[in-house]
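This is the structure, below, for whatever I ask next.
Think of it as A, B, C, D, E and F in the order they're written, each chain with its own count starting at 1.
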Amino acid sequence: MYLQLSTWQEVDAYLEQSKAVLIPIGSTEQHGPNGFVGTDALCPEIMARGVEEATGCLVAPTLSIGMAQHHLGFSGSITLRPTTLIAVVCDVVNSLAKHGFERFYFLNGHGGNVATVTAAFSELYAEASLGKADPDRPALRCRLKNWWENEAVQRISRQRFGAAEGGHATCSEVSLTFYGYPQHQKNAAMSPEIAPTGPIYDSSDFRKRYPDGRMGSNPSLASAEVGKELFDGAVPALAADFRAFADAP
Amino acid sequence: MYLQLSTWQEVDAYLEQSKAVLIPIGSTEQHGPNGFVGTDALCPEIMARGVEEATGCLVAPTLSIGMAQHHLGFSGSITLRPTTLIAVVCDVVNSLAKHGFERFYFLNGHGGNVATVTAAFSELYAEASLGKADPDRPALRCRLKNWWENEAVQRISRQRFGAAEGGHATCSEVSLTFYGYPQHQKNAAMSPEIAPTGPIYDSSDFRKRYPDGRMGSNPSLASAEVGKELFDGAVPALAADFRAFADAP
Amino acid sequence: MYLQLSTWQEVDAYLEQSKAVLIPIGSTEQHGPNGFVGTDALCPEIMARGVEEATGCLVAPTLSIGMAQHHLGFSGSITLRPTTLIAVVCDVVNSLAKHGFERFYFLNGHGGNVATVTAAFSELYAEASLGKADPDRPALRCRLKNWWENEAVQRISRQRFGAAEGGHATCSEVSLTFYGYPQHQKNAAMSPEIAPTGPIYDSSDFRKRYPDGRMGSNPSLASAEVGKELFDGAVPALAADFRAFADAP
Amino acid sequence: MYLQLSTWQEVDAYLEQSKAVLIPIGSTEQHGPNGFVGTDALCPEIMARGVEEATGCLVAPTLSIGMAQHHLGFSGSITLRPTTLIAVVCDVVNSLAKHGFERFYFLNGHGGNVATVTAAFSELYAEASLGKADPDRPALRCRLKNWWENEAVQRISRQRFGAAEGGHATCSEVSLTFYGYPQHQKNAAMSPEIAPTGPIYDSSDFRKRYPDGRMGSNPSLASAEVGKELFDGAVPALAADFRAFADAP
Amino acid sequence: MYLQLSTWQEVDAYLEQSKAVLIPIGSTEQHGPNGFVGTDALCPEIMARGVEEATGCLVAPTLSIGMAQHHLGFSGSITLRPTTLIAVVCDVVNSLAKHGFERFYFLNGHGGNVATVTAAFSELYAEASLGKADPDRPALRCRLKNWWENEAVQRISRQRFGAAEGGHATCSEVSLTFYGYPQHQKNAAMSPEIAPTGPIYDSSDFRKRYPDGRMGSNPSLASAEVGKELFDGAVPALAADFRAFADAP
Amino acid sequence: MYLQLSTWQEVDAYLEQSKAVLIPIGSTEQHGPNGFVGTDALCPEIMARGVEEATGCLVAPTLSIGMAQHHLGFSGSITLRPTTLIAVVCDVVNSLAKHGFERFYFLNGHGGNVATVTAAFSELYAEASLGKADPDRPALRCRLKNWWENEAVQRISRQRFGAAEGGHATCSEVSLTFYGYPQHQKNAAMSPEIAPTGPIYDSSDFRKRYPDGRMGSNPSLASAEVGKELFDGAVPALAADFRAFADAP
């Protein structure tokens, strides 16, 4: 069930059986020579479709823009400052909590979001802990889950790409988007084959360290076929994780 | 050209011919008994596809969540507080300006966004006017355009729906989403046929005044056919408006 | 009744008969070669005197500084950033609501305030809609009314100034301040007679487009006589509008 | 010279001879049984007229609303939160600095503003000290001056009112407003004659400690005559202080 | 009793006998040629030890970083912007108020904190006054006390240092830290013997006026012996002041 | 070298040989029946002493209050909201960067700080990436290092405490503070011996899940002896990590 394609009466009916909602969250940022700028938003959106089919959960619209300050040296990258993203997450959760939602499952596609979204959860909880939230409101629970954090994705990635998987513009994420948007697949030579690795500071430092935007990966190995494998492997794990979160006492 | 499906090198190439970008912006809020919660985000997204086809412009990911505090009495509605939405718009524009974009065309689907997004433009300009922006950056220009503000939409709406068009959950916007998502069309009886009209204050006042969420409309008249008419009529006007903004000296 | 010249006991007595307050809001910004920097604050203040005489309403002190970032290229102009003005409006309304005021009528003198003040109202309402306001507080209602939005002003302006009325440093607003402050009238030659028109972006762009600060007007036609006409014409309309807002069920 | 009644060209001319501006700042808050709610804004505004006549300085519009949270238990009182007032002061100064003003003399009428306005100055200076201000901008200097801080006012107050002067709703400030607005003078019996004294915390505590709003004063002794004395005594001192600040190397 | 070295059960037990807590607050900023960067944090921390011994009060961890923007021209100086420090003070007090603390005694070591911390108290109180705090929470009371504001310190300083005491990097504060950290005493020639005096604006202006960081002082006169005198003299006064605040009805 | 006990001239001298500074950061929050409220601040402070001795690095004052909203159900716990802590970290780093520091090593004692401090680093970098930082400033590098993240601590903890180590109020951290403050060691019976484990949401949920404040640990096993082992084991690893960060090209 997709929030964007439902009426408010249908949401009311959903709330009678579940207080949990799935919110895909990603980023809009460069993903190297053959990855889409939208990779990190498209991946959790694709996975969310599988989870929705498996569980019937309500899927909110994707939060497509995340914390990507380090990518601003490459055209097309967009960032929210961490404090902006915290405000967005708080407003979204507080809005849905008004209707009776209590459990907020953020299916994440971008490592760079983890710290900020986790901080946003604390900002939210702190409203209650400091006595600023409606005292009659049930306690809220939020969870951030990266789509690649499950045995299936780890295994397939290792088998298919090994050391070429990398850390940004990974073979797996590019594969998943090629599976989702096969008509938009790109070809690009990679030089060097495997990109360098290292730390992340600001965007001009990032561009110097990683001239074509990749970190540690060779996404020319990506394919829609492996993307399908990843999808088929990950969805049951993510669906189970969602259910466990939604149903926990 | 869609930002989410492009590489950063493709965005670089685009920038050599244009400094303008189209950003659909909407809202996630109740739209009465047969309108989608996502109506106001889906409408500019649908129109953006037409404009993209007509002009080849770069389309950023849709900002799906807007200022909808007055709808929070109905399940599924999500709002950003105005100050949050201002921060989001500023961050998005400042990010894209880093790459050389200078003209930002927000194609809007939600009347409730107009004031806040316009205020956000002033917040952005004020950075330059108060000497807080990089003095070497070219002056930025932003434009908010409602998809229904053109002769074609006004005419078709008048012809097809007359006084039943209304002000929220309008026949036109519901029609356009039925055209975009025909398999998700809803049927719902409307009682009274035409919803009441009046002012907007907070969400509990709104729910009292407009018990099923509509304002002044009878969207049971909506249809995918009229949605197509609206699309075919509006796209040339919106494309021309975009071009005029992008090309103005 | 003027808040600044009343005691708190007199305000208490007022509250027994009315929950509505009139708040003049303007701007401090250049108004071309013969207009006062304070034009946009003085105009609603002048009109407020008429409305007070007609209705006995409580008039708060004028908020003299508004959102005027685009005028910062001209000496004397002062702006609040939109986020600052939002905070001001929220604090003013929340303070007065503490005493039992429920209806807040902002009589506005500056087009550049409209978006931001409207966004501020939504920020205020959102506190209630998101459950952050005292649940025992009655619902608040705010209204922004431009002093020139009534049939009388439109008619007189058309008759007296026609196409020379313009959009900034208008003949009407300059006339009204000349009526209010006749001893301070200025003479200045206008070249060209009628100023150019166009869009508004940041302050350096504004100064380039509108070198003497006027937009589309020839305020050398302004006079205290027409100012009196405007005052006499507008006050009954504004008083009626205030009463309707104050008394609406 | 009054900013509100000047043109931008006149301000330009002023800047050729002085970089200093006088900004009256006050508060809108209860002042006991016979004091105006606007006392703290009217007093510096009245004094500013004298200083303007003596020095020809440019006088900005009065910032009528200050930090008055402790008075919110009495009808008509309005507060800006300290963080809001800091934003206002920063925006006002940064705007005027854009035009070349370098020295900002805040003539203050409200003890409750002192801490917050002083903090605002530090917030402003910190922009430069932390490297966030335009490095080409001359260093700014701000000064907060309470109108009663001079030998003349202290002497007259002591002679005329002695121990009845008090700390809030003082005989002197009420006298000064009676001098400025003689037709609005109020009579009210005071019981007890001299109000209690003590500390200041939040507004409900304040109302309990000071039931009619006065602190330590018996403003039934106030008169327009003493108001004139205070004005005549203070203006030369304040004018000298302004000149010293404006002319300091 | 020191919060950092207590368990939460011990804090619970303390709350049964007292609702007051002592919070040392200082600054991290240059203190001239022989003063520690931490002088303003170490002084109230040293004095707090004496007050704790005298009263058994609970001592919170020292807030070591304050508002010191004007010192940023000298290496090692750290500032919080005033708005940041306000947020810190509000969070600290709101946290402790959750547990039942009602009286917050800030023992201060830095003149530059006074305005901002006082503004922070108003920000806190304003939450209650504007109806944003939990209505069931008892009214909070905050007090800022400078360690040098008592007869003993004034007398000893006058006797020992006279006109050489100065305003920043004073003989007294340097003495007190030498008493507290005798093994870290520094020797440094002062030239001129007594530093200049004057106003405070931003950090580059400050460095120009006060080239070695001192204001009006000759701290080469400082000694651990006088530091002990100051400690012995001030502690009884501060302890009495704390008790009076804690026990006031 | 300790910033608090140095003069600004000594800091200047330090900067000639190193651009790196160590900043201990912790939290003030309950640590179960026998752990100090200050455990998470004291641990990195103790470790910092060892690193200072080994490397001669400059140690800033400990940031003693962190993000601990979930502990507010237990007396003595203090939290900064995440947005406040972000502001603090940004101000501290921006202040020190003014003097020429470029590398900021936060030695952390609290798991609950990790997300927020990491987000703060991104907020800082984003200033540069979005063009809001001084373009002449060298790129900044920040690192958050938990004191327990090294082989020695992991090994000793496993050997000494095994499954009783736990996740909050761990045997290791309590041991380290007992080593640092042996005279303040507490005895307390633990019931159950090993505390429950689970997720973290807001503070009332936390108190329900973890009634005495521990998570998964049995800190009655803690001892000053093991604390010394941990200190001796960890310091060389942390010193090496600091040097590697400081010296990286």
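What we mean here is this: a residue touches a chain if its C-beta (ideal position, glycine included) is under 8 Å from a C-beta of that chain, and two chains touch if they have at least 3 such contacts.
Bear in mind that the values here come from a model prediction, so they are computed numbers and not experimental data.
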item	value
Joint neighbours of subunit E and subunit B, given as chain labels	A, C, D, F
Copy pair subunit A, subunit E: interface residue numbering same or different (half cut)	different
Pair of chains joined by more contacts [C-beta pairs], A-C or A-B	A-B
Turning angle required so that subunit D lies on subunit F, C-alpha fit (0 to 180°, nearest 5)	120
Gap in Å, rounded to a whole number, between the CA centres of subunit F and subunit A	29
Subunit C and subunit D, separation of their C-alpha mean positions in angstrom	24
Inter-chain centre distance, subunit C versus subunit E - centres from mean C-alpha coordinates, in Å	46
Contacts with 2+ other chains: residues of subunit C	72, 79, 81, 83, 91, 95, 98, 129-130, 132
All touching chain pairs, where touch follows the definition stated at the start	A-B, A-C, A-E, A-F, B-C, B-D, B-F, C-D, C-E, D-E, D-F, E-F
Touch list for subunit A against partner subunit E, complex	129-132, 135
Parts of subunit F lying in touch with subunit D, wherever the complex brings them together	91, 94-95, 98, 132-134, 137
Subunit B-touching residues of subunit C, taken from the complex the two chains share	67, 69-70, 72-73, 79, 81-83, 86, 112, 114-116, 118-120, 122-123, 125-126, 128-130, 139-142, 199, 201-205
Subunit E to subunit F touching residues, read off their complex	2-9, 11-12, 15, 28, 30-38, 41-42, 60-65, 72, 74-81, 83-84, 87-88, 91-92, 95-96, 98-100, 181, 184, 186, 188, 213
